[in-house]
Amino acid sequence: MAKFLPLSQAVADNLKDGDAVAFEGFTHLIPTAAVHEAIRQDFKDLTLIRMTPDLVYDQMIGMGMVKKLIFSYAGNPGVGLLRRLRDAVENNWPRAIELEEHSHAAMANAYEAGAAGLPCAIFRGYRGAELAKVNPNIKSIECPFTGEKLAAVPAVRPDVTFIHAQKANKKGDVLIEGIIGIQKEAVLAAKRAVVTVEEVVDDFDDVHPNLTVLPHWTVTAISVVPGGAHPSYTHGYYIRDNASYLEWDKIAAERDQFLAWMQKNVMESKPEDFAGRVENLRDAK
Amino acid sequence: MAKFLPLSQAVADNLKDGDAVAFEGFTHLIPTAAVHEAIRQDFKDLTLIRMTPDLVYDQMIGMGMVKKLIFSYAGNPGVGLLRRLRDAVENNWPRAIELEEHSHAAMANAYEAGAAGLPCAIFRGYRGAELAKVNPNIKSIECPFTGEKLAAVPAVRPDVTFIHAQKANKKGDVLIEGIIGIQKEAVLAAKRAVVTVEEVVDDFDDVHPNLTVLPHWTVTAISVVPGGAHPSYTHGYYIRDNASYLEWDKIAAERDQFLAWMQKNVMESKPEDFAGRVENLRDAK
Amino acid sequence: MSNELGFTPNEMMTIAASRALKGDDVCFVGIGAPSAACNVARLTHAPDITLIYESGTIGTAPDVLPLSIGDGELCDTAVTTVSVPEMFRYWLQGGRISIGFLGAAQIDRFGNINTTVIGDYAHPKTRLPGGGGAPEIATSSKEIYITMAQSKRGMVEKIDFYTSFGHGDGGDHRKRLGIDTAGPTLLITDLAIWKPDPVTKEFTVVSLHPGGTREKVQETCGWTVKFAEEVATTPAPTELELKTLRDLQARTKAAHEGTAKGKAA
Amino acid sequence: MSNELGFTPNEMMTIAASRALKGDDVCFVGIGAPSAACNVARLTHAPDITLIYESGTIGTAPDVLPLSIGDGELCDTAVTTVSVPEMFRYWLQGGRISIGFLGAAQIDRFGNINTTVIGDYAHPKTRLPGGGGAPEIATSSKEIYITMAQSKRGMVEKIDFYTSFGHGDGGDHRKRLGIDTAGPTLLITDLAIWKPDPVTKEFTVVSLHPGGTREKVQETCGWTVKFAEEVATTPAPTELELKTLRDLQARTKAAHEGTAKGKAA
């Protein structure tokens, strides 16, 4: 049953040191505010899960919070590499990090299997691909009807998933629209789910019945954080801050510069600051 | 690429004697007009596939068109048994019929696997259930990570699927809304797909991006048949004719009565007659 | 329609079943008596109950009872409507259903259910509709409630086909098959409330409805009935419960029969 | 920016790639050069082409090139937007993609691609982003087109990691692995058009772009290049093609850099 909580409390109540946690979002609706709150609360030894770890994962890795990363594409989308991730993998700075690497198809199927309560997912994948040789969590089964060998991966079951969504109604049902990505699966696969939203409305009477709605009893906590996906975007609210993604490439290039930026923009900041960051991005739609 | 065709031609072009065919619909959007056209064209030795064969399948079985039925619930929904199916199974009238029986979970997963291009589906099912003993197409696999035994069924891949939908646009994209059932999977799992629609509109510019739309290049033929789902319903167009379902129980009770009804209401009828049948049902919405 | 008590055994059955449901339950609802019971609960003591029909409608609140599991009313009033594969994968198999509510053509003392055939599977005396969602509802829901009117034909020593697994041969049979859900925990008939014995898992009468007697229960049951040490009396329907059920059924009857009929099925 | 020919090698590469696409193609589009080529095709000779981005947008028609595969523009202009699991299951694995369009950090003569690491996997010299959708795009799409600028670092004798399988060791290697799709059938660089030899599957230069020479091709390639018996000359970009590409890139630049920036990432 969804509780409406301030973000700091929602994070404190639902994330623990050592948790396997997914902050999901496929370019759209990335829960940046929730990540920044987790950074301020300084969790340790996290296993981070995400198909497309981007700059918010770069930030957590650079801050030394991460023990292991389960992922399928670790890049600054459309820009290039993740420099803090590189520094961790190549130089163990600020700490060594374990990688469990998959393809998108594998991760998508693994979340789907998690949501579906299955122990594993099967799909036609990894044929000829070398990841299957370096990741012991890529196995195979034989189709009992055709004999075809299919790839198998374990279901993803995070301890807690954080997502950002357009809105909740007063009962705590949550609406996600636009590029819906893997968010529904990430929430349903997790033991606990925290959602930041742009706003709360009275009801969803004007919402089409076939849209993606998470009923309130599938969500643990909801926090209202306008702009909480910045520099990602929220379809219908504000557009993507592409310039910030380009800029991140420079910020993350040097350790000191990165740390200074984090101090100023994350450690000394708060969830309410996000609203201001998207003010000039609201003209679209 | 979707061609707009009269229903008689769409059926003649896409259905053949001996085909495995699904006329899908989960209570909503049952493609009755397409079934009636198939009956008039007198196809033989069909393998019929459907989760919920209801009175239109009762009609094809009673007319002797059906060699085999793959299904999970064969009833007149909310009313009772299917009397023509019973007569075929219990008395081989008008011919013997082979049954491949599954649960809903199995059929839903089998269609999903068909749409996903997989040879089989796995799920947690049939535990303790006797169907697994009488249906050789129910097997199992072992999860390579946990050792759990999971049920496996072959993917459903119809030669052709028929569905009814709300509307197409001029390019041939098709919109399905309301109870969307298994229709998207049934179309994507099939080699060919024929869709009857209530109407054709210029474009889908006012359609929400996350609704269920089948792009024109996934559909073989589209026929405009207003009322084509009667006595089922089309959300947003006309309501379910529950009284007809209640009445079917009496019509189908006797062989002669059934044949006389079919002669009058199907053989001597045509797709254009469906519009009149839903005239009084259009008040809703 | 109603007896000297002012209500029928069927009304008592439905109302007793409705009382077993709580506001935080997530119910996977079958058509018929289960649907009536769930909606009476929603309209009386459990307004926040989540009702799910296998057609994909989640959190639905129909004004009239659906004739089928896919009537338009269910979608119109739902929180969201999903595809059928999603329903069976994310919502049922995903372990999100607290109560699966089933009816039965045949049941045995361990809550095993047959809705497939009477007689032999290959050459049945009566071909029934089959299992539909029931085989997986029976094992994936946290608990199963069953409701049916008593009869010797329906409550039998041995069912002809195991459509849905209850407690099997009793005892820890579920556990031995690796099934970790509770299975049938409640059977509500038109005469009594039954619960499984904690050890043997045999359904045992724990409460008799007003007008129900041990003799009537035994006469309409195909196995030798066990009664609990203390057998309670089910409280009679309250005025509100009865009015709610009857209003619902009157609206439903008007809606289904009143449907302007087309010329052909 | 442009050379004495009036266009750059990169522009020629993108335009040559765009010409390979047809109106009835269903393209799974990667970001960068593939995205530009696909959209130039859509805006010139193939207006009916279906472009799919792995974020779930099907039949999209962006006015500016997306910076990421999930920009809002893609959803706004799409025929429909589906979930990511559905994208990979029904649309890619389901066999509905005619052309998978990939870029590469490293490629070998058989079209095998590395976007994972430079150096050893466990202790890489450079950790690259990884495969993303590519491993399954490479085997589930009916054909694969690859586009990349030539360099000795990128076109190598042996790639450091097989992120996506092309023709393996050449010949019938795909078939031996049970892969029934065609694999890489076209490589378009800034200097030439390459096609696999029908038997050995080694990429062979079939056409040189204007200004491209055999020497330049060999100097920027890490293996000994094979040339077809007859090597054609790629027709220079038309005025319409060049204008379409440049307008698209100008709109894109304005959109991405012009974005009013917030105070923090």
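Per-chain residue numbering starts at 1, and chain names A, B, C and D are given in the order in which the chains are listed.
Please note the rule applied: a contact is a pair of C-beta atoms (placed from the backbone, for glycine too) under 8 Å apart; a residue touches a chain by one contact, two chains touch by 3 or more.
All values derive from a computational prediction rather than experimental measurement.
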Can you name the chains that touch chain A as well as chain C?
B
If you tally the C-beta contacts for B-D and for A-D, which one comes out higher?
A-D
Taking each chain's centre as the mean of its CA atoms, how far is chain A from chain B in angstrom?
39
So how far apart, in whole Å, are chain C and chain D when each is placed at the average of its C-alpha atoms?
57
Whole-Å separation of chain centres (CA-atom averages), chain A against chain D
27
Pull out every residue in chain C that's touching 2 or more other chains.
75, 81-82, 89, 93, 140
For chain A, residue numbers touching 2 or more other chains are 112, 116-118, 123-124, 148, 178, 180, 184-185, 209-212
So, in the complex, the side of chain D touching chain A is made of residues 31-32, 54-57, 66-72, 74-75, 81-85, 87-89, 92-93, 116, 121-122, 124-136, 138-140, 161-165, 168, 173-174, 177-179, 255-257, 259-265
List of chain B residues in touch with chain D within their complex:
1, 112, 115-118, 173, 184-185, 188, 204, 209-213, 215, 217-218
Can you name the residues of chain B that touch chain A in the complex?
116-120, 122-124, 137, 139-146, 148, 150, 152, 154, 177-178, 180, 208-212
How about chain B: which of its residues touch chain C in the complex?
26-28, 32, 51-52, 55, 71-75, 77-79, 81-82, 85-86, 89-90, 101, 103-105, 108-109, 111-112, 123-131, 134, 148-149, 178-182, 184-185, 212, 227, 230-231, 233, 235, 239-248, 251, 265-266, 269, 273, 276-278, 280-281, 284
Which residues of chain D touch chain B in their complex?
24, 26, 50, 58-59, 75-76, 78-82, 89-90, 93-96, 140
